[in-house]
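In order of appearance the chains are A, B and C, and numbering begins at 1 in each one.
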Amino acid sequence: MSKLPDVNGGGSVLSRVMRNQILIPLAALFLLAIFNLIADPSFFAITLKENNMGNPVLSGQLISIIDNGSELAILAIGMTLVTASSKGQDISVGAAVAISGSVILRVLCGTDNSPETLQAPIIVAFLVAAVASMLFGAFNGVLVAYFRIQPMVATLILFTAGRSIAAWINNNQLPIAPGEEFKVFGGFIPGIPIPTPFLIAILCFIVTWAMLKFTNIGLYSQSVGINEKTARLNGLNPELIKLATYVILGLCVAVTGLIKVSRISTINYSVIAKDIEMDTILAVALGGNSLSGGKFNMAASILGAYVIQFLTTTLYKFKVPSTALPAYKAVVVIVLVVLSAPVVREKLSRLMKKIRSSKNTAENHA
Amino acid sequence: MQQGSLLELRGIYKTFPGVKALQNVDFTLREGEIHALMGENGAGKSTLIKVLTGVHIKDEGDIFIKGHEGAVQIRSPQEAQRVGISTVYQEITLCPNLSVAENIFIGRSKGVGVKWKEMNRRSAELLDSLGIAVKPTQQLASCSIAVQQMVAIARAVDMECSVLILDEPTSSLDESEVAKLFKRRRQRKERGVGIIFVTHFLDQVYEVCDRITVLRDGQLVGEYEIESLPRLQLVSKMLGKELDDMADIKNETKTFNDDGSTPVYEAQNLCSSEGIKPFDFHIKRGEVNGFTGLLGSGRSECVRAIYGADTVTSGSVKMDGKPVKITKPKDAMKNGIAYLPEDRKRDGIVGDLSVRENIILALQVKTGFFRPFSRAKANEYAEKYIKLLDIKTASTNTPIKSLSGGNQQKVILARWLLTDPKYLILDEPTRGIDVGTKVDIQKLVLKLASEGMSVTFISSETDEMLRTCSRLIVMRDRKVVGELTGDQLTQNTIMETIAGGDRK
Amino acid sequence: MKLKRILSGVISAFLCIGMVAGCSGNDNSKSSTTKKAEAAPAASSGKTIKVGIINNDPNESGYRTANDNDLKAAFSKENGYEPTFAYGKTNDEQIAAAQKMIQDEVDYLLLSAADTAGWDTVLKDAQKAGIKVILFDRTIDADASLYEASIVSDMAKEGQTAVDWLVAQGLSEYNIIHIQGQMGTAAQKGRSGALDTTAKEKGWNIVSQQTAEWNAEKAQQIVQAAIDSGTKFNVIYAENDDMAKGAVAALDKANISHGVGKDVIVMGFDCNKWALTELLNKNWNYDGQCNPFQSSYIKDIITKLENGQKIEPKTIIMDEKGFDAATITQEDVDKYGI
């Protein structure tokens, strides 16, 4: 195996993109966009309107997608790291979001269910929720890292108990946060027409980018996920790194909880962020990341999250009948996941090569 | 197909991204012969074997097998098994969480049910006949690597097959185990089974093989009768040049001038959780020493204890005369100790990561969590060592797992050299590596020592250690039983020390 | 291997702790809500009556929480009962709880089944043991001889009351966004059925009919999608309050007015206190009740049975109101809000 010219590379931008795993969510996004463009170009219309508070807001399906996809994208960040380092997924994020939301409302509303004014500054509520979520993340992390329980099994505990804990935090009541101030996080900042959840998501992306750029969390978590023994022999502490990824996911959960409860100013313990863990895991998978850990591509995961929201919004837009909705979603998901499977990708690239070579021979003959 | 041939490969091609692994390779295996497949690491031996066993699918070419009309398609290991090809790989490919018996019979049962008793009984017989001292019901993971390899061989031997492939099965076995294996192999030969044997041990080739096929850089060099190809010629064909030989190393003096200075590293009563007896050890600046002993004598465990890779239970350690605490690898790294582990695949490489990331890993960890190298800096480091150690890789971005074993080993070596250690521990750095690279590594060790680095070197090949070490610590039954220097450094004394008093 | 076994033990222990944590949470809530339900006098007979109450997960919805609190307040020790509560999200869990209660020889088994099928065997066991079974909130597919009475909400009637109210509004045209609950649930079927039938009869235009699975946020997205694609509508028929709230959030964002005398009529169900307050503030137009206060009905039946009376007919449908923003009062909010 001497150093040969990179036969597949050829250095062309196209072929380099072809081999990048971000291709999968990009292609899915492209297909969905094409479908919508053909079916109804007005899908892409964006207008500037005023909302009921008299603030200018952008609206349109695309805005809805970046707005509603935010929570998923934020969770996908944490889930990607957790997957990379611990070779498994945290299935308790939905329940953890319920807890985080419940804590926020508890702090904001105090003991009264629907107080006249906020009982505490929002930042305090968020910080308390962040600490709580990170503690629950640490709980999962300790089970996974130190007790070596499989992630799905370890997080099953919080998955089962989480929503009950959330309800218990507020004595089973459904508090309602008063005023417009709190609605900002799930709505719009006065004067800024872009949905706040998307702005928060962007902020999270920047922080994540900085984290990956200015720390070694990427290299460390991947090394631990791929080969824990080697990682240890190279001076890493695999347990600590796994724990850290779960705590980071906890922070993502806290941010998600803030957005979720802010959207409707209240909470429903049993349905808030329901099934979001599955969508989050799907986002990671759609990003072409192996669910059995190791190498990851953060941008692809985030894009995967928006692809899922794109799909959801498309299905709502076309008013797919309620009874058929899961079936449609399942079919699309199956196609996407199968396409992103390494086996299929290898087959496809071989097929591409064949087509190209036959084309070449045809040209040569001509 | 020719008369008398069992298996024929014609014009095989196989390409991986960035690498032409096989180009127009022919191979013929005749009935009842043992056929050695030789070549440097990366010559394409493993790829050829994998094409034959259905792990990889060939891009072009034909495979013919006796008893099958026309060309045979082998698209999966099951298909290979069906046409009578049975394989033992270099790396153990069994299921560690199953029992020994289950591993021997997995995927071979006919019908639905499993007859546990029958299975365990037959396994016991088989293991007994091969002289493997292990219970059929024992979990495979709890066996030593050598035993695991023997189980893999037992499994392959027991299968109904006409072609038996042994892909470096002996690299983790000691001599008596190899002898047992050869015995079994001759029995097979009598039954008309053809054996393809891949190994780096020239002795074994000349002891058992009838014919040799040599590959180099993915291409066929030639097929030779064993009698017509002396060793030196074989080696030169494998390397593609006349061997400048190990001679230039061989005659160098290995005496180390002890100037009475403080040792770089000194341990007293060091002991780890892995069952070795407490031992004392020291190494001085520029010294090369080694641990020797039979497989399982505890030589690896000793260096692991030094590095803090296993839990250290007792002992005091001094670096440059100052007491230090080394309880985990990070401590050792901070003190300038580097450790190249014995099991490259399990403890050395981070398979999916690139060559670049594998090279910078240790230095990066040493530098700290909040100070990652820039991409350019990392590339610079990687390029430097790729050049310095002549690592054959398509680019710094190539995943390390797609490199050949020898090049992987060089990457791990590069990783540790990059940290600029005071004290370098090499545990079997040359295992499963071609002759050329072996010599390279030995030369490198001596060069590093001459520049002032202290090196501890472990190898199962004693002559390799004799060539590099000026002092040997001899282990037996997890205990240090002797220390040899100067004139004592001969094969005979080493053997005597290993064997112990009752042999005399 | 051994370690794994120990670990799995640890996990199950944790799971149990988790459950207990969840359940104990519910107990805590009792004290704060006791005053809410009207305290009934102790059972007339003077002896304590052992009741086993099997309910669904109280965190499922505000409705279920109110229902659970109501039962807890009514069947308390002070009121002369010895209650055992059990909760289950699935039939299996509930059947296991029922069997335990039969062994404990309760006098009455009160059951709100998670699933309609599969209750025959356990109810026969109860009958043999002389335990009287009263179903509340949900019916089951079993012979009527196996239980004494069944107290239910008639979801179809709830839906019909709401749709009748909508008819009475006499709009010139009806363009309805219909947000459905979790498909296949009794509430969804009843409430959807009434609207579907009437819409067909009257030629109403249902512009969008999708499930938000009781989830406010999904409802918001559905309405958002309708607004973004320029769909015209003047009625939002949401099958519970949460989803109505989500829909309203989308309307607010698009500056579409809603409520009494505004562009869009908003309808919800379940009569949460906050939802009734929205009605009071004229932001919403209608809220249909789904009565969670079943304890008074059950007590009534127990008294009758204790006196040797027969319950005829066995199925008792509770009174359920529909509230109109135009007529709702603060008293209604306090009395019927859950």
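The rule we apply is simple: contacts are C-beta pairs under 8 Å (C-beta built on N, C-alpha and C of every residue); 3 or more make two chains touch, one makes a residue touch a chain.
Just so it is clear, the structure is predicted and the values come from calculations on it, not from any experiment.
The chain closest to the protein's centre is A, with centres computed as averages of CA atoms.
In this assembly, B is the chain whose CA centroid lies farthest from the centroid of chain C. Ranking A-B and A-C by contacting C-beta pairs places A-C first. Chain B and chain C, compared by their mean Cα positions, are separated by 68 Å. Note on chain placement: the centre of chain A and the centre of chain B lie 43 Å apart, centres being C-alpha means.
In terms of their C-alpha centroids, the spacing between chain A and chain C amounts to 33 Å.
Looking at the complex, you find that chain A touches chain B at residues 1-4, 6-9, 213-217, 219-220, 222-223, 226-227, 229-237, 294-295. By the touch rule above, chain A contacts chain C in their complex via residues 40, 42-43, 45, 49-53, 57, 59-61, 63-64, 68, 114, 143, 147-149, 153-154, 156-158, 160-161, 163-168, 171-174, 176, 187-188, 260, 263-264, 266, 268-272, 274, 312-313, 316-317, 319-323, 325. Those residues of chain B that touch chain A in the complex are listed here as 15, 17-21, 42, 44, 217-218, 307, 309, 328-330, 333, 339, 341, 346-353, 357, 361-362, 364-366, 368-370, 372, 392-395, 403-404, 407, 415.
On the chain C side of its complex with chain A, the touching residues are 3, 7, 10-11, 14-15, 17-19, 21-26, 28-29, 32-33, 57-62, 65, 69, 180, 183, 207-211, 213-217, 220-222, 224-230, 242, 245-246, 249, 251-255, 257, 272-274, 277.
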